[in-house]
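Before anything else, here is the set of structures, which you'll find just below.
Same chain, two partners: chain A is paired with chain B first, then with chain C.
Right after this comes the complex of A and B.
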């Protein structure tokens, strides 16, 4: 988004209150969505719930192509469409809802750094396992990704996506990594998060921030998604405070709505 | 004790021990940890054991090329600059290194490989001058294509045609990132405690080239210079850990930079005589070969008499021609 457009958006956003009809779009939950998209989508939902902003989740098989940046999820609020957690946080801030206002400069710097840690290691590891591990790609990712399309197109799209992700992995130097090394990276990332969290209820003490939403989105999705092997979830389970952190957020923000 | 590991790096410039951020990361970490490495500064990536730089050849003859892998290897050899850090500080380093890779790296790639002024006048020029002869025509362009591809993949689907908008967005992200680093550093000398750690190595490696290169388009550089604690952090590390390179540059600058006006740079090509001679030789060679190629008929006529058999390609061609004539 250009700066001028962004300034315009934030002005518009500030003028209007959050509408009741806000919607979040993501791919079909049962047969289509993949681990990494599901995690990003859950992170945004958790963030909006923490802000107390109601949003209705809509499942569309072509959500990826509807999104302005090609990434999932995106929200449709009033006459605005915003995708991904970072811009959505900016957007809600312009509307006067922010979770990180209480932090000082150093804390905000640390919060941003940890969010990049999750994106850089957890999200990349999810993508790696989905598309670069041959067993997972063949059994789960390609069939699910191409489920809405009929035969020749489904293959073309799935392999195109796989090709793209693999090229990205090569570009960032993950192409030569083995699956074991990726799991080790995940462990390292979880230990860092676990160290940072310590015994606090949230990363920055009493109040949840967008970092909590992002971490919850990824960890909870990894813990509750069945893959070809349970190794990824096992790596997270070794950090007990992260498990109780996930349970706490689930109970606080998700349970009363579902019951 | 076994022979020390060998580290292959790009040569330095602008008062830095190396021009590439990845090489600087490894060099700085090795200095901080006191690892004895046999340093090979080269300007030809094809002479490195992995075909890219940096590369570490260990004494077991393994080759590592990712900075993170090299640091892990050094750590296993008990050269650990992060030894004093608490677990919490270790976690913070990991987080800030991710921040650098996600936010700062794309802007730095843009700054030196996409921005046309900086690319033509600084990046391509440096590589073209330092690479050996045939490679200096091939590699800079190839490296640029690789970097563009990396940037495109880092940013996701969108193409690089965004031009100014993309530049603004990348630079804003990078400026944000530098502000965050500056806030985290505060008035201290290093990020954690009194001695530098791996995070210091990464920050130094990303920022020092930006600070020291003479860029014609210096938007990002200006921002870094305005953050005093970060820029003095880089200069401090240079002075403390790479005094040789830092001194060389200040000495070199005193003698060479004052008489050089901005535009006069093109007259000061190093090895001017040699290059002139080379171009004359190349031109002569081209003329001669053209003469030989066009004059080939007359030469062959003379050779034909000397050699008993005609050259093999003629032998195969001639019967064919005759066949065709016979058919027709």
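Right after this comes the complex of A and C.
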């Protein structure tokens, strides 16, 4: 999203309160969605729940193409369409809902840095495993990604997506990495997060922020998604405080709502 | 050398360059010293002994056999002339010769009969490869178009064409192969491979189609038929961020595999400014039966009747209609539905701006009808008569139509009622300009009536061009 568009959106958004009819769009949960999209979508859902903003989740097979940025998820609020966690945080802030207002500048910078770490490490690792690991791509990613389409379009779209992600991996220098190196990166990232979290309930003590939502979205999805190997989940399980962190957010924001 | 008497040619309807063979080119006037050999062949039986085709390069001779065989059946000279003329027209229609000249001569050689004739077609083949290069500007986009044509590529009037357009926003291409049946040019097969991109601002929609199609055309009595299979990978997207959510919901990829059949009867004397005759075209498309994501049955028809009145004025009436029935409970796609309105359909309304819409984006409808009544007259005071002025007509028109979605649970009576209510209509007058024999430009003053909420109107002067017109 361009800066001008972003400014415009926030201005427009500020005028109206959060409507009851807000919806979040993501691909089909059972047959289609992939680990990385599921993680991003869960992060946004966690964030909105932390803000206390109700949102209805809608599953659409063409969610990726409906999204203005081509990324999952996006929310439809009033007549606004906003995609991805970053812009959605901006958008809710303009409506007067923010989780990071209590932080000082240093903390805010730190929060942004950790969010970048998660996006650059965990999200990229998820994409790598989905599309660059041949076994996962053939057994899980391509069949799931192409499930809404009929042959031969299904094959065309799945390979097109795989090619696109591999090209991106090559561009950021991940193309040469082995699976083992990617797992090591994930371990390092988790250790960094684990150290930062320490014994606090949330990253910035008592109050959850968008960083908590993002970390929860990724870790929880990795822990609960079945892949060709359990290696990725094992790496996270070695940090016990992250596990209890996931459990805590799940209980606070997801379980009481559903019961 | 024997000569043929020129007198015999007079009764033939030979004028204009249609024939290409002027009597004077063919026949040398008898010279005095040859008078002894002069014969009057007009009513005499003749035998066509040889038909030669000269100037053939890559064209296969068996193809030409079908086109010129009739000449052998001619029994007298006038017949020979007529049949040669027809054969020449047939040869030119193949599109593989630049020029065809006919020479008729008395037979020579040892086996020559006294009343034997030889017919020689002197042909010039078109070049093996022709290319074109254009630049186009429009739709906020500039593009460069390269075209390549290989006529007569395998020697039997096949044609291979390739067009590639490289634009600042989009590239598109098309590869087409045309193969007629030898001796029956109207019966032909066309294979296509293409990628096209369209931007539809009235729907805030962008569509990229990549597809392949196979088409078989054949005449049957007075009707022309087309059977077609088409497989298209369609990618829909929003033209702008501000597109309505209804259009956004249609975004994404789909695969359409459709069988279609078109039948047409056309007795009009001209496609653009007909003064008599009628056209009926019925088209039906069944998608989903041969695979793909889209499944529907689509029917539409077009009827046009023309009648000449006093002082070269023509009364023309047309009726269009169509219906789309989704199959299997799946809603129809925005790319398959019908659209109505614009300077060559229901005039006085914006381009495709009638019917169901969402936040100003027109979504199309599953059923429509439109009718038009026109009175065409030549320009007042007939300036440029017989020349430039004949490219123009003035017309007075009355258009009406409706576009809506039907609930297929209701009966046909409810459908008819729905099509009759919320009728859009308009009247006006304007000038029409014929562009070649395929398109026309119109400049009209329109008075839209029966406007429904949500329709975009064009009250006053409206300008537009179109190939298909109501």
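The criterion applied here is as follows: the second predicted complex is superposed on the first by the 259 of 259 C-alpha atoms of A that agree within 3 Å, B and C clash if a C-alpha of one lies under 4 Å from a C-alpha of the other, contacts with A are read in each partner's own complex, and residues count from 1 in each chain.
Here, a contact is a pair of C-beta atoms (placed from the backbone, for glycine too) under 8 Å apart; a residue touches a chain by one contact, two chains touch by 3 or more.
Treat the numbers as computed from the prediction; the structure is a model and nothing was measured.
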item	value
Chain B versus chain C as contact partner of A:189, first or second or both or neither	first
Residue contacts on chain A - larger count, chain B or chain C	B
Which superposed partner A:157 touches (first chain B, second chain C, both, neither)	second
First, second, both or neither for A:121, with chain B first and chain C second	first
First (chain B), second (chain C), both or neither touched by A:79	second
Which superposed partner A:168 touches (first chain B, second chain C, both, neither)	first
Touching residues (chain side chain A, partner chain C) in the complex	5, 60-62, 64-66, 68, 76, 79, 81, 149-153, 156-157
Interface residues, chain A side, partner chain B - complex	1-3, 69-71, 105-106, 108-110, 112-114, 116-117, 119-121, 164, 167-168, 171-173, 176, 188-189, 191-193, 195-196, 198
Complex interface listing, chain B residues touching chain A	66, 68, 87-88, 90-92, 94-96, 98-99, 101-103, 149-150, 153-154, 156-158, 165, 168-169, 172, 176, 180-181, 183-184, 186
Sites on chain C touched by chain A in the complex	233, 235-238, 241, 245, 248-249, 251-255, 291-293, 359
